[in-house]
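Please read the structure below before turning to the comments.
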Amino acid sequence: MDWFPLYNSLRIALISTVFTFFLGIFAAWCVAKLPSGLKGLLDCVLTLPLVLPPTVVGFFLLKLLGPKGPVGQLITAWWDTKLTMTWQASILAVTIVTFPLMYRTVRGAFESFDKNLLYAGKTLGRSNAWVFWRVLMPGCRQGLMAGTVLAFARGLGEYGATSMVSGYTPGRTATISTTVYQLWREGNDALAYQWVGVNLLISFAVLLAINLLERREKTVKWPAGSPEV
Amino acid sequence: MLEVDIRKDFGKFKLNVSFSADRGITGLLGASGCGKSMTLKCVAGIVTPDAGRIVLDGRVLFDSGKRVDLSPQERRVGYLFQNYALFPNMTVAQNIAAGVRGRDRARREAMVADMVKSFYLEDLERKYPRQLSGGQQQRVALARILASEPHALLLDEPFSALDSYLRWQVELELGELLSPFPGPVLFVTHSRDEVYRMCENVCVLDHGRSQPEQDVHTLFDSPATVSSCLLTGCKNLSRAVPGPDGRVACTDWGVSLDPGRDIPEGTTHVGVRSHYLRPVEAPGENTIPCTVERVIDDVFSTVVLLSTPGGGEGYSRLRLELPKEAWAALSSRDSLCLQIRPEDLLLLKD
Amino acid sequence: GQPSGGDTTTPSPSAPVVSPSAAPTPDAEPVELIVFAAASMTETLNEIAKKYQEVAPNVTLVYNFDSSGTLKTQIQEGADCDLFISAAQKQMNQLDSSRDADGGNAEGLDFVLQGTRVNLVENKVVLVAPEGNPAGVAAFDDAATDKVKLIALGNSDVPVGQYSEEIFTNLGVWDQLNADRKITFGTNVKEVTSQVAAAAVDCGVIYATDAFSAIANGDRMEIVTEAPEGSHKQVVYPAAVLNVTKHEAEAKAFLEYLQSDACSAVFQSVGFSIPG
Amino acid sequence: MDWFPLYNSLRIALISTVFTFFLGIFAAWCVAKLPSGLKGLLDCVLTLPLVLPPTVVGFFLLKLLGPKGPVGQLITAWWDTKLTMTWQASILAVTIVTFPLMYRTVRGAFESFDKNLLYAGKTLGRSNAWVFWRVLMPGCRQGLMAGTVLAFARGLGEYGATSMVSGYTPGRTATISTTVYQLWREGNDALAYQWVGVNLLISFAVLLAINLLERREKTVKWPAGSPEV
Amino acid sequence: MLEVDIRKDFGKFKLNVSFSADRGITGLLGASGCGKSMTLKCVAGIVTPDAGRIVLDGRVLFDSGKRVDLSPQERRVGYLFQNYALFPNMTVAQNIAAGVRGRDRARREAMVADMVKSFYLEDLERKYPRQLSGGQQQRVALARILASEPHALLLDEPFSALDSYLRWQVELELGELLSPFPGPVLFVTHSRDEVYRMCENVCVLDHGRSQPEQDVHTLFDSPATVSSCLLTGCKNLSRAVPGPDGRVACTDWGVSLDPGRDIPEGTTHVGVRSHYLRPVEAPGENTIPCTVERVIDDVFSTVVLLSTPGGGEGYSRLRLELPKEAWAALSSRDSLCLQIRPEDLLLLKD
């Protein structure tokens, strides 16, 4: 069994999770600070990839990044390389598709975070950056982790957009999901089942991780100061 | 000296507060939802008022006219939050260190050590907030705030999160810890007892509007409005109509009483504290003939509910509080005549 | 009614069987004929559909164009289909009960209506490159050289992919291409065409007819060369009515019509040839 | 422009949303009542479709429902009909893929619902069913609606599993997402753009709806009893 | 008659409660987190104890031995939740109707009308809970519960959600509304004043363990344990060691006192209420020489903090409460001698 699809899926999911992580946090932070009207609009735009067909996302990306697309031409002109049909293109597709999962989870964590802690930091004279990194981030740790793991899991399984922007080149751009599709197309059920099994295992492990994170988060929220009186 | 004069419109709720506070503790007293926390937030720079001015020791913190709006960091106003707002991911020492301004490490450590000592936190330095009792949490929060060397202090219901057993002790401590503080302190509460014990001046808030600030004893001895009268714990109130003879007709109690002084313009209610109702043997000047409705044995006193000539429901009812022995010593305990000294009759505006 | 529904004619209980040469019968029962056809027939069959309107106005043609392999799977999974046109014998054999395991029907499927299978058209395999041929490929062998970084082929259940594999195997470079991880596999011939037209790859292998239609449609690509003589099996498109059809007569009639001279002209106009 | 894909996508999304609605609520209710260990496990299983590649879901469904699959054979034997390659099969695929969105949103609403209200109903002598329908359901209305709309939006865009179990037959099983994919493969960009536009419009409208629902929910949570004293 | 004897293990927290309550109001008194709400939940059937027995008027509600565990519906126990738990999607009338058992529509309507009348809710029938004040919400909740004709009532801190101004009034109302109730009523609070005013018997909970229930006056006059002494509001406590001469050495206060009676086995602390410390002119029997540390002017009394021979910190400090006039009348106000009558000295176990 050639393990490349697993390796490729993992690296795509990992790298795009890194992007999603920072982008999601940044977006959630910006949206949280916007006035309510604009907030709703931006929120819709940022959630869009969650409900858009992956094929539509893929189509967009190809029109933008393809060698004939505006961004694609720039890239070719500057670095003499192209982005489509490479495994790197999948990173972009997966980042876009998984972004809303991270964004929404983090936004939820930010919203349920006790604002008074932020204000406390500020009235104590600490900079906004300090408050963000030392108070908000540690306080939303569980939410951040849950969002990250969810995005990672979803990224591991992305199919539609990935297959459009990266194609299926065994050993180069093949991922677990495109491989399952290919194996099914070839009627190679035995191997397809094996990959499905691998996928189930990973997804299940990832979900268990989220579950434990969520549980930990809940038990932490104990009424402060009530015991040890 | 802290001068506050701000307005903010929340739609249904409108904040319109104006008062000034000198060195020492000034109470902000008001019912739940009247805008006490909101006022503090405006002063601290967490909420921006629509219009007005906030000046601290001559420094303009906010001025809608001159478009001044300092950030919370620049205001140097310490805010003790209702639930203390300790950073849960930091130890006691780290929490206090978070308050120290500047990057000088040695100075920070010295300051933390100093605060730990003066707030009796020696054994707790390495603990996390969730491992502390309410009183300890409050001490840490206060240490943290004072480490940031604020020019004014805002305390938002500092005892509301505490068990009643702890309250007394923490109140004492707080009083002692605050006495050396050189700037103005705003103390928010809805407990008249706390205000009485801790504050010199008090500003009453009512549905977002502030009443002129006054000396605590003035407020308790002669509240001017119905709301401040209720806030000071007076439970006997009656609607009143000033008569031509210098007396007031107390419509709820069904009697007419002599206040012994000129009745101020706009008087709509009269009130009398439970402690100042005196049972007398026979009807006489300024007495109300009452029938005993219910006797409640309280811990150190006896509370008697009485119906007046005006009736036995709502505001027509009077509440009398007597030392247990005084009640036991009364000859008739079915119907009583209650006398009100003219100076004990409070004349109130709506 | 479904929006794709064609002309509405009054249904008649006694609709006569339509023969291809018969005059249009205005009161014939409306029939929806589902045709699964290799993606490379997209343009020609769409044109024929317009003509067939006049021949049999009661028949609405519904096409499903995809790789022959995908179509075969869909038929096998129970898709409603009256007529199947494959781009290679392999997929038709897999559905044809008259073939045994050695004859290509390993799964023992039975979908072909016996006696209806014909060889409809013949095609050629070509090497195409994006307009201007930036990689400068000149021949199939060039795929194995450094000129080509990425080549688009149909995957193994796409007939054009199977022909491509055959060609490169005969040229002795198939294993080389695979080892170099140079091939991106498309899910049907149209996807390969799109990838070449979008210049996402350096070159690709498709049918002459697809290249012709694409260029005629304004896609920016060029034909580099035809596959060398004898490097692959004849590209023959078999067609057959399926035994799951509910409109056997109409399906047979349409298959008959596809073999008419009018249709042959359409096929030939894009580069198909008619097998002898 | 042939509007069938829109019509088909809408009917599939609508019908599967009905299923998802009841299944999601039922699952959330059952999971909420389970002991904590089993709860975590079941929760993972029920969330699985969210992170599994749609192609894996499609593969499973085909193996199960196809004419050779165990369920498919039963269906053929009993009703002489088949399930795969029909638009009805998409309902199943979409239901499975959107289920976790509904389930998780409802579970969240249930968990944040004030349990005391349920207990109050029970100690008043009301049946569990009454408490469920008259207290819990109205109380979680906003969460239910948000989950439903989210599931609907996601269902409208499902591609991977749908295309595997229903194929792409124009006028029969074509959906917006499979149509976009097909148009892209055919190089018919003009029409593809039109469908992408339609899709964007619908998705955006749906997201706006969610957004308004979420906002409403927040403003309702005003401290009880504090005004009008 | 409600008999409760249950145990439940929550890991760190262990509930072990046993008491019985007759007709009338029985108080459950305890610090925050001591298991009061949990006990009520066990009685109501919301939480299942690990072991034990709950019997109401002879009906077994729960018996771990006999595997009896009635559903909340079958128990017929009314539970007034801490936040009232009114259904927010129903009007007042619908909320009350939700309490009426049975499907008879006419009966339901009659019952609702009846309750609306006896709880003075006529004008509120069509309002939603969020439009009601705290006191009105409580009346609705109580009406709803009584409409379900419970055999026992559980009230979980019924006044904790209320503003201090409302409390007194609502407390009065509740007392009146509850007096006709024929079954046992459990009243949970951590306010000693509420217990004193409302209850006949009281059961003190301490860290999940119940102490034997007792008459309210017994508890206040002679609490047996440190925790119940603290709960009744006594603030002067000292560790104590019984001496051979029948006196107790009060180690925190630094004096030895005569309790005037036999010292019970296991006495570890002594206590005295602030009201029962009497300033005297000269040292004498059972006096403590004190230095005044701080004087706090309270609303109706003066509170004096004094350091004892044992020191001036924590438990060594004494708190004296005097009428204002009594304090003003004292000759020396820097150092005082405080006398404790032997019968006022509380002897406490840990």
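Letters are used for the chains, namely A, B, C, D and E, taken in the order the chains are written, and counting of residues starts over at 1 for each.
The working rule: contacts are C-beta pairs under 8 Å (C-beta built on N, C-alpha and C of every residue); 3 or more make two chains touch, one makes a residue touch a chain.
Chain labels with UniProt names: A, D = Molybdenum transport system permease; B, E = ATP-binding cassette domain-containing protein.
Because the structure is a prediction, the values reported are computed rather than measured.
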Sorting chain pairs by contact number gives first A-D
In terms of CA centroids, furthest away from chain B sits chain C
Cα centre of chain A to Cα centre of chain E, whole Å, reads 53
Dist(centroid_CA(chain B), centroid_CA(chain E)) in Å evaluates to 26
Rounded to the nearest Å, the gap between Cα centres of chain A and chain D is 21
Two or more other chains are touched by the chain E residues 31-32, 163, 165
Touching two or more other chains in chain D are residues 62, 184, 229
Among chain C residues, those touching two or more other chains are 70, 187
Per the touch rule, the chain A residues reaching chain D in their complex are 36, 40, 43-44, 47-48, 50-56, 58-60, 62-63, 150, 153-154, 156-160, 164, 176-178, 180-181, 184, 189, 192, 196, 199-200, 203-204, 206-208, 210-212, 215
In their shared complex, chain E is touched by residues of chain D numbered 114, 116-117, 119-127, 134-135, 138-139, 222, 224-225, 228-229
Chain D partner, complex, touching residues on chain C are 2-5, 34, 39, 42, 62-66, 70, 74, 76-80, 187-188, 190-191, 193-194, 197, 214, 217, 219
Given the complex, residues on chain C that touch chain A span 69-70, 73, 130, 150, 152, 155-157, 178, 181-187, 195, 198-201
Seen from chain B, its contact residues with chain A in the complex are 41, 44-46, 71-73, 75-79, 81-83, 85, 87-89, 98-99, 101, 129-134, 137, 144-145, 148, 150, 161, 163, 165-166
